[in-house]
Structure formats: C-alpha cells, structure tokens
C-alpha cells in the first residue's frame, strides 16, 4: 500500500523499539510482575506467551502507561528518539505512535462502527490521513464496511475484535501492541485475525508485541517469543523453533504435567 | 441609657426563596420603625429589638421558629412573616401561648381559627374573597356602554384562586357573562397562547389574578397579541406594585387596571408616609430591596406603629390588654386610619384599584409622582377617571 | 465435602436474624422518655425533633429503593405530598384519629409506589429517576386541580386538643413520628438482612444477571417500590397537622426531595444506619442554622456543608467508619 | 435436588425450541431455528462470530423475547416465562461477558442463586454450599473478595460457579473457556463432565474446537442465524458447509 | 375552547418558539448528563447566573445582552472546565457513584442561588430590548420577536454544537468518553481534558440560555429550580445523548404545552407534558432518539 511504503523505509532507518529493564509492577498489594527484562526490536513481531493470570496484560499495561512500575524502566524508541514511557500518560504514548488493541476490545458501544474508526485517527499525526486509513481498514475488513452504521455495542464478539484492530490501525502506529486478539473468535477467524496482524505488520511496517494464549497461532507469525510464568520471564526464545521445542511451553500448553 | 432589658419583638420572615422580595421589604420597614421608636426612647422606656429568623419561604419551618421565639428566646411580642402560609403555620403555636398576633397579608387566614387576638394588616375587610375584586367590577360597570362579558384567568395558587372565586361571584352579581375561566400552572413562561385563547372568546373585560413573573408575562403577551376589542384589562396582579416590574414594563402598563395598597396620589398623603418612604428608599436601594416601597412597606411600618401605640397606651406587654386595646381603637398610621373588625380584619376594606396612565419610558422616578397610578376605587381616595376602552387607554 | 468449610470465616457469616430487638427496645425507650419529659421541655425542641425524625423516616424510606436496589427516586416530594393529601381528604370525608390517617396514607402511597413500579418496570437507572420526577409533577397538577382537597387554594387542617398522656398536640405528633421512625428503621433492617435485601443488592449490581440467577426482579422491585412509597407517604401524613394549612407548593417542596437524597448519601446508603445518621446530622444542622444565622445565608451554609461533605467523605459516614475500623484492626 | 417435572415423560427432550426467530431492526439474527436437547445430553453449539449463538442463548433463557417460535422446557411451554422463572425451573446460563454482582463478595455472588433459583432455598446450609461451589471453581480462597479484584479468567469461573449454584437441569455455558490456557480448558471441561455425570444436560458454546470435540455428544452449527448442521461431532466436522463457513482451510 | 385554525397555528408557532428556548436550556443537560454522566442538577442555577450576568451587562455597562452573553459564555466555558476538573478530582477519580455527585450539585445549586440572592437581591428582573418589541404577523400567525429571537439563538446553538460533536475529533471524543473513559486514551485523547471541554461547553450554553430566559420573562434567583424537571425531561425524551433528539423533544414539549394551554386550559399543561414523558418512557424506554 502506497501510504505505508515510506513508513517501512523510515522504520528501517530510524528504528522503533521497546526496551523493558528490571520491571516490577502490580496492583496495590497484589504484585504481578517481578524483574522483567524484555525487548522488542524494530520490525519484529514478538509473542508474549503465558497462561492466564501470569501478567501478560499487566506487562502491556505497563508499556501503555496504564500501570505504573514500582521498579525498573520502560523505554520506547520511536523513529530514533528515545522516550521514557513510565513518565508518560497513555494518551501521550498513543500520541508517540504506539497503539493498543486492548483486552476486552474496549470499543465505544454507542458509537457507530465508522465513528469508532474515525476516533482512532484522533492523534495529530493521524488526522490528516484519516480518509486513506479508513479506506484501508474497510479493505482489510469488508465486514466493517458492511456494518459501518451499526452501533459497535450490538456487533458480535468477532466483529468487535476486527473493529478494535481497525481502530488501533487508524492511529497510524509505529508499534502495535495486541492483547489476546483471538479470545472469543471462531477458529476460522483466529487464523484470519493472526494473519491480518501479520499482514498489517508487513504493509505498515509495524513493530508488534502480541500477548496470546493460542500458542500454535501466535508462533506462526512471531519472530521471537517470551514465556511469562507467575510474573517472571521463564523463557526468552530468539526463534520460533526454540519456542516449540521448549519444555516449559510443552508443559504449559500441551497439558503435559 | 436604660438599664432595663429591651422589648423584643419576634418573627419569622422570608429572606430567601420565592417570598423573599416581600419579606425583605417588610423587614426593612419594620427596622426603620424600630430605629424611629428607639430614637424616641423606645417603648415603656425600654429599647426595642427585633428578633427574626429566615423562614426560607417554607412554612414547615415556621412552627419551630415561633416555638423557639416564644419558649426559648422569650420574646415579648410576636408578629407574623409575609403571607398566608407562614401565618397559618404559626397560628397553633401562637394561639396556644395566647399571644397577640399582628399579621402581614394573610388572606382570610383567621376564618378557620377565629382567634380573637389576631389582627391582619392587608385591607381586605372581613369578606376578603368578595371584597377583593369589588372595585375592579365597579370600575368595569362604570363604563359606557356597560360591558357584557368577562374573562377570568389566574395562576394555580392560593391568592389567585381566592381572587378568581371572588371575581366570579362579583361578575355574576353584576350580570356579566363569564366567557373564559381558566388557570395556568406556576412555571408558565409563554402566555401568548393563554392570551390568544382569551381573545378568541371576545370578552369586554379581562380579570387576571397572578404572581410576579406571570403578571409581567401576561402584560407583555397582551401587548404582543393585542386585545383590540377589550374594554378593560387588569386585575389582582401581584408584582406590578414593585419597582422592578414597573420600570421593566414601563409604558406597557398604560391602561392596565391593577390592585394596589398604596399609591403616591394626593388623596393618600397620610401623615408621615412621605418621610418614611424617603428613609426607606435610602436604605432599600443599596440592599437590593424594592426601591419604591409602595406595596408592603407602609403597612408593615403601620403594623408596628399599632403594636407600639397599644403598648404605650396600655403601659403593658400583657397580651390580653393589648388585644383589647387594638380591638377597640382607631389607629392613625402612615398607612392611613385603621380599625379592626371581625376576625381581626380591617373594619373598613381599602383595596385600591389604580389605572396606569401616562407612563413613558422605564424610569422608576415617574412612579414616585402622582398621576401615574390613578386611583379609581374606593371613592374616598379616588384621584382620577378611568380611561377606556383598553386600546385607547394604552396610548 | 460440606464439612470442610464449616470452619471458614466466610462460611460463618450466615445472614443474621432479620428482626432487630435492640432497635425495638431503643424505640420503646425513646417513646417512654418522650412521654416522661412531655411537660418539662419547650415545644420548640419537640418541633425540631419532629422535623428531624420526619427526615429519618424519609431518608430511610428513600434508601430502601435508592440505596438497596439502586433505583434513585427523585419524586420523594410526590409521595410525601400524597401522604399529606390523604390526611386532608380523609379529614374532609370523615375525620379520624391521626394514626388511622397515617395507616391509610401508607396504603395509598404504597399503591402509588406499586403503580410507579409497574409503570417504570422497564426503566433503569436515570430513566427511572426522571420518570419519578415526572410522576411528582403530574401528581402535583392533579392535586392543584382537585378542589375537594383545596386545589391550588390549599386546605386547612386544624389540630384537635391534645389528649392524655400528651402534653400538647405537638408532643403527640412527636411521639407518633418517633414510632414511625422506629418502624421504618425496623423495616429497613429486616429488608437489609433478609433474602429481599440480597436480591435487591443483586438487582442493583446487574439486573439481567440477577434474573438469570433466579432473582424475580420485578416482584422484588415492586416490593421495594411499594414499601418505600408507603414509608415516604406515612412521613407526610401528619404534616398537615404540623403546619395547619397545606397548599401544593408546601407539600411538594423541593427541599424534601433534596433532603431525602442528600441525607442517605451523607450517611451512606449501604446499611440502615447510614440514612439515619445522615438525617440526624443534616436535619440538626438545618434546624440549628435556621434559628442561629437569621438570613439567607443559612441555605448557603447547607449548600456548603453538602458540598464539603460529599467531597471529603464520598462513601458517607458509613464508609468513613468502616475505613476507620479497617485502619485500626 | 430438583424433581423431574410431572409433565415430563421419559425419553422426551428436556428442551425443545421450534422456529425461534429474532430480529434486531431489519436484521435477522436468528432465523427459524429448531433445537432439541435430551435430558443429560452434551451439546456443542458452534458457529462463526455473529452467527447468533449468544442471541439464541438469550432467547432460550428469557433475556430476549423472540418474535416467533415456541420454547418448551421439561414438557412445559416457557416461551412467555420470565428469565428468573426459567432459572428456577433449572434452565441456567452463564454470560459470555462476565456480569458479576460487583458490590457483593464472591461468596454472596454465589449465594444469590442459591437463595433465589432453588425451589426450596437452604437458608442455613447456603454458606457451606456456596463455599463448596467456590472450591469447585478454585475461588474458595477469595471468598470474601470483590469481583472487581479478579482477573478475566477468574471472572469466567465465577460466572460458571454462579450458574452451578442455581442447580441447573440444563446448563448453557456461553464461551466459558475463552481466554483460558489449555490446562484450564481441560479443568473446566472436566468440571462440566462431572456435572453432566450428575444428570445435568449441557449446551457448550465455544470456539475452542479441542474442547468442543472432546466434550460434545452432538454438535449444532449456526451460520448467519440459520442452523446448517446438527449431529454427530465427527460428521458435522466433515460437513462441507461447516468447513467452508466455520473451520476454514 | 372552541377550535379555530387561527388558534391552532398560533399555538403551534408559539410552541415551536418556546421549544427553541427549551432546547437552549436542555442542551447543556444533554451534554453533561446524557453524554458525560454528570447529573448536573445545578445547571438551572448556572442558567440564572447567566440571566443576571446579562442583566448586569446591559444595566451597568450598556452592552447588548446577546453580545455580552457570547463573551460570558466563553468565561463560562473556562469556569466549566475548572469546575469539571474539581468534580473529577473529588468524584470521578475516586470512582464514586454519580449519586454522590448528585448531592454535590444540589449543594452547588444552593450556593449559586443564595450567592445571587446576596449579591443581587430577590427582585424579579427582566431585560426589555426595544428592538425585540416588534411582533411580525405572517397570515394570522403572530411571531413576537421577544420569543422568536431566543428560539432562533437556541436552535442555532444546538445545531452548532451538534456540528462540532459530529464533525470534529474532539467532538467525537466527547461522545465516546462517556461510554468508556479509559478507552479514549487508546486513541490518543485525554479523556479528562475531553470531559473538561464538554462540561465547559455545557456551562457556556447555560450562560446563553440564561440570557435568553431573562429576555423572555422576569427572573429571580430561585426561579431556576422550576426548570430542573423540564430540562431533564427533554434530555430523556430526546434519548439522553442525542442533540437532534433534544431539539425535537424540546419542540414537542413546547408545542404540547401551548396546545394544551390554548385548548384544554393551561393548568393541565404540565400534566400533559410530563405525562407525555411518562408514556414515552413506558413504551420506548430509551427516549425518542435513544440508541
């Protein structure tokens, strides 16, 4: 796609990355993450694996500034400029070019599909290109075009998930964070959604961090992966194959106790 | 100067809420009386102190206020706040303590109680309902040719309801056919449709009974819709007496026949009233209180004049003696000569009916001069002639 | 399997008995004290106490629907006024002792509550609140146009003489209102501690989920609107005897609606003593201010108290006490 | 325990839906769907996103009123009954998006159906029974927590626990496993199997095919509001419409 | 009352003009209450504040009230922003029920009302603009400028805000923010700022509505209470968060009131207006334009 070609180019030259060092975080007395080191390098798709309640979402919330670390640092480099995310508000982080497809979708149920998408272009950098972005989203998700005037809240779970991804793309992000995109999707759509993420990544030159339960699907598109167990990084794998081969993954996912 | 404790006069009075405009005006007049009297050495050689609490225009706090005044503050005398609700709410407490009760503008408030120590300052006379609109209907009948039809309209509240009931009786007695008889609710903003409905019944006379915001709304709607065939328009329109509405409506008032309690006409120059009004206006304007002081102030002052005279003459604060004295005396006050009759009402009713004439522009000062509010009724105070029909008089 | 959990602390929290003897005994004692001091105390204090207790009844009644079930009633004044006008109407038809009027008012306004419940059964949240507001306006219009109870002109209800053992009619009114307040609180406690309270709490949190759990939400809501309506109306029934002359603006006063909401909020809506404390506190403040600061400023102070209170203690006094206890333990 | 309704005869289906149709405005979300469940049966209900599964559950349990069709439960016509009446008869569901009672503790959350959904409520034993249920979903250690402090998964478990407390004859689990790890999915499936062993019929709505295949005796497939397949899991899976519309590849 | 076309058309015309004014009164409620979930019961008090500011501007500075209201509305906007910030700080940030906010606004209502009493006194005040004294006649329909001008201003105001809400990013964010506050952050908007702006606009409209009110009728500080019911009724009738709905509902209420008052007798108009609301709620609980 035309609009993205230059982005890819810039991305490659200037680099968009996330670096997390020694991160501790939690909710009040509940400590969820301890001593996380994690890196997402420019142009990569990194999968964040781990069963429920192990802190994947919390980690993503730390990147998005929704949860403040008690210790450690979260930095992002956007087009070569480094930012300390732990000091920024969520909206400012989005403003930098980091977008989130949140857990539970978090759409605006009483706005129409199109209004939801347009709101995605709120940040200054995205506003001018909103028409192109919208056309792009409709091309990627024809279902959304069909339902453009339906209220988001009355769409089915899967339709909503598409809309959530579409809305995130409307912010013209450099880095995309996705929290469990396949939850509640039909098998046919799980694969399609994961493919869409991979495709978007390609077309828009994104850097992606994806938390996902569905190990086989996640692994299909991941360049690297981390496995989170009880708030620690249990495994950091530099290629998909070593993830597949790891005992931990087998134990966690294939129920092989 | 005197070592004796002051004489304390207690009341609850509206200083906030819907009745506050009247309450504050009345209170100022009373304070002026207290100043005057204290300057003259007080009563029985004792200074006078007014003890008052804000009743918030809410009658449900009134019983408590009077119980406190009488039992706890141990005031020597009690008087009422403004208007019927507050008076009646205080009555059981006051009656139980057998206090003399001078009251300010209660409509037939004593009819049910028949309390013999009750004295009421609004000059309605013993039959308020019938008396109120008598002057208006007489003015209507004085026209030539005699009017045949009348429209009655008023607000959904106590005063308008009584005024309308009286007007209905009087109109029937006078042989006027009632062609419109409706009420409107308190929050009405838009009166044009009311006026148009009235107009469509083609009455000769229109009688309105209203509270302040409606009075203004009514007059303006009449101007906009136009009542071409009507001979006489007016009624018991509370609020037209106040400076605020007078100056706002200005020339729109011309021709309107309205009830009033005082007007600066030559026929009403009671001794002391002009000096009082001068002093009242000095203080009212800076306090945001009605700067003309025609409606309630002179009679509020007079109320305390009466009470003061009773105390001085009987040389006592004994309620029985005071009541006896007030019942049997004719008082000369700045509000005129007053004597009380049945149920503590004025023995001789004195509802004034005035017609606004020659008003131009919006200055308040013009209303302080004679000739703007020409008194048509009662004859004793009559100061000019009725202009009609209404469209003529409006010019 | 069940025996495993009998020792768990949460398992021990079996619902307490719905009837509260201590409150009843306190009420009896209160009435006894009132009867004893009848002649020694100035009527002023009786009147002040009456008004405060009237607010206790109002805020307790409001809280049954507003606090327990989460249905915020803006139309308190409508129920209160209907209670007043029941007394007036009965007085016109066939004068009867006040306690009977109070019961009759409870029946009439309970029916109104039931009707409100039916009419608004599909309404949730603010829609319900606005509907109750509208209901009060419609009711006021009806009363204004109903001349049998005085209409716009208002109606007089003269106090009869007080009978033994009461020192005065005001004293009698106070004792009646005390009984009413204790009864209202007992009803609130019973609801709170019984299965009705639990069902209402479930409805408050999520009505659809409650239905799916077998909670007959309509029936419970109707129970709550009826009981709440009856209590609000009974609070209004003696009012004509307090102020002797009632016209629609004084019966449908905004101050009532405001207080009935503000008091439970200041006290706390989750438990029965929240509204009671709130009513006593705010009611007393208003009474004291009326007779101390004799100017328009007293309403100003009520406003400031309200603002300061809800900003400083957002969960009401109940919440404050709970936090204090938590902090201590 | 609940007695079998006198209307019901052996062999008769516990739930029978005929011609159920639901429209939202001009959009037909359910198009004349027929549906039966035998007592003690395990039925999987699958279909693409937006195919009307949740809508179907809502119609069956009374959260929505269908425009057409009749629903019979244990031999009794329940089309016009309120949701709570159906719950009391033993037709119980969990919600796809958890809807806990946020101001009540987990314990009380489970007590609500214990007190309301059972024909004869056990007032004294309810606390113990509630703890048992919390234990069976692994939340007993958090009995006095507020649902606000739970993770998504725990909320789903609570959702299921609340349904259990209502002593269902037929339990409809609407995506109770979405977002669970495989071992947790197995845990829930086992839980459901245990319930089923007690004679409870179960409709499982799920996108996790592994679980659906393992659990279901019969699978019903909805596509665009229409039932396109109904039968033996393996046959249904090989059905070409199903492959095309749902499974992909 | 006997029926006549003259009366009917005039009643409808008056109703529409009244409706235009009601729309101005209710639009701020629709924004604050419908969209932001803030039960601003003090809105009518802000309206009266606007009335007195307009009164002050013409009587002590000689500034035309329509012009002054624009300026004061801007001030009101900034005041509203700070006010919301305080409200946010004390209530929303703590995640409290909007019920607490309700009591808060009751308090604010008393404070504003009594402050006005203390500053301006309790007299009824009114602005009589000579250039609005005209009454146009179209056929037999009378259009008094005193009512028509406020109606036009009210309708224009609602349309302008609707345009703003649907066509600008901040506007859309305002609509979104009430539905999911945190999610607004995910599109890069600051929800608090967004709500600040929205509440500022709501207060701004109150100031303008106040000016319109005092042009139409006499005003004293406690008169605002009477608009609480109507304003909320219009908001609900219109479907809570819909400005076109608010406009239509305001017109419906206005016309219903004038029609009843012409043909049935005015004393029944509140029963008709609010009965209409009750019926709507009973049969279409989400209001006319509810989503």
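We just call them A, B, C, D and E in the order they show up, numbering each chain from 1.
Everything below uses one rule, namely that contacts are C-beta pairs under 8 Å (C-beta built on N, C-alpha and C of every residue); 3 or more make two chains touch, one makes a residue touch a chain.
Please read all numbers here as calculations on a predicted model, not as lab measurements.
If we look at chain A and chain C, which chains touch each of them?
Of all the chains present, those in contact with both chain A and chain C are D, E.
Would you mind checking the shortest number of contact hops between chain B and chain D?
2
So, comparing each chain's Cα centre against the centre of all protein Cα atoms, which one is closest?
E
Relative to chain A, which chain has the most distant C-alpha mean position?
Using the mean of the C-alpha atoms as each chain's centre, the farthest one from chain A is B.
Between chain C and chain D, what is the separation of their C-alpha centroids in Å?
Computed value for the inter-centroid distance: 42 Å.
Using CA atom averages as chain centres, what separation in Å is found between chain C and chain E?
Chain centroid spacing, chain C to chain E, equals 31 Å.
At what distance in angstrom does the C-alpha mean of chain B lie from that of chain A?
Roughly 76 Å separates the two chain centres.
For chain E, write out the residues touching at least two other chains, lowest number first.
Each of 114, 117, 267, 270 in chain E touches at least two other chains.
Which chain C residues reach two or more other chains?
In chain C, residues 141, 144-145, 152, 296, 299 touch at least two other chains, as defined above.
Chain pairs in touch?
According to the stated criterion, the contacting chain pairs are A-D, A-E, B-C, B-E, C-D, C-E.
Would you mind writing out the residues of chain E in touch with chain B in their complex?
1-2, 4, 6-7, 10-11, 14-15, 17-18, 21, 114, 117, 119-126, 128, 133, 135, 142, 144, 146-147, 216-220, 222-223, 226-227, 230, 254, 257-258, 261-263, 265-267, 269-270
Using the touch definition up top, name the residues of chain E that touch chain A in the complex.
The contact residues of chain E facing chain A are 169, 172-173, 175-176, 179-180, 182-191, 241, 291.
For the complex, give me every residue of chain D touching chain A.
It is residues 24, 46-51, 54, 96, 149, 151-154, 175, 178-184, 186, 207, 209, 245-249 of chain D that touch chain A.
Spell out the residues on chain E that touch chain C in their complex, using ranges where they run on.
Where chain E meets chain C, its residues are 33, 39, 90-91, 94, 96, 99-104, 106-111, 113-115, 117-118, 225, 228-229, 232-233, 236, 240, 267-268, 270-271, 274-275, 277-278, 281-282, 285-287.
Where on chain C does chain B make contact in their complex?
Residues of chain C touching chain B: 42-44, 46-48, 51, 141, 144-145, 151-154, 156, 158-159, 168-170, 239, 242-245, 247-250, 253, 255, 287, 290-291, 293-296, 298-299.
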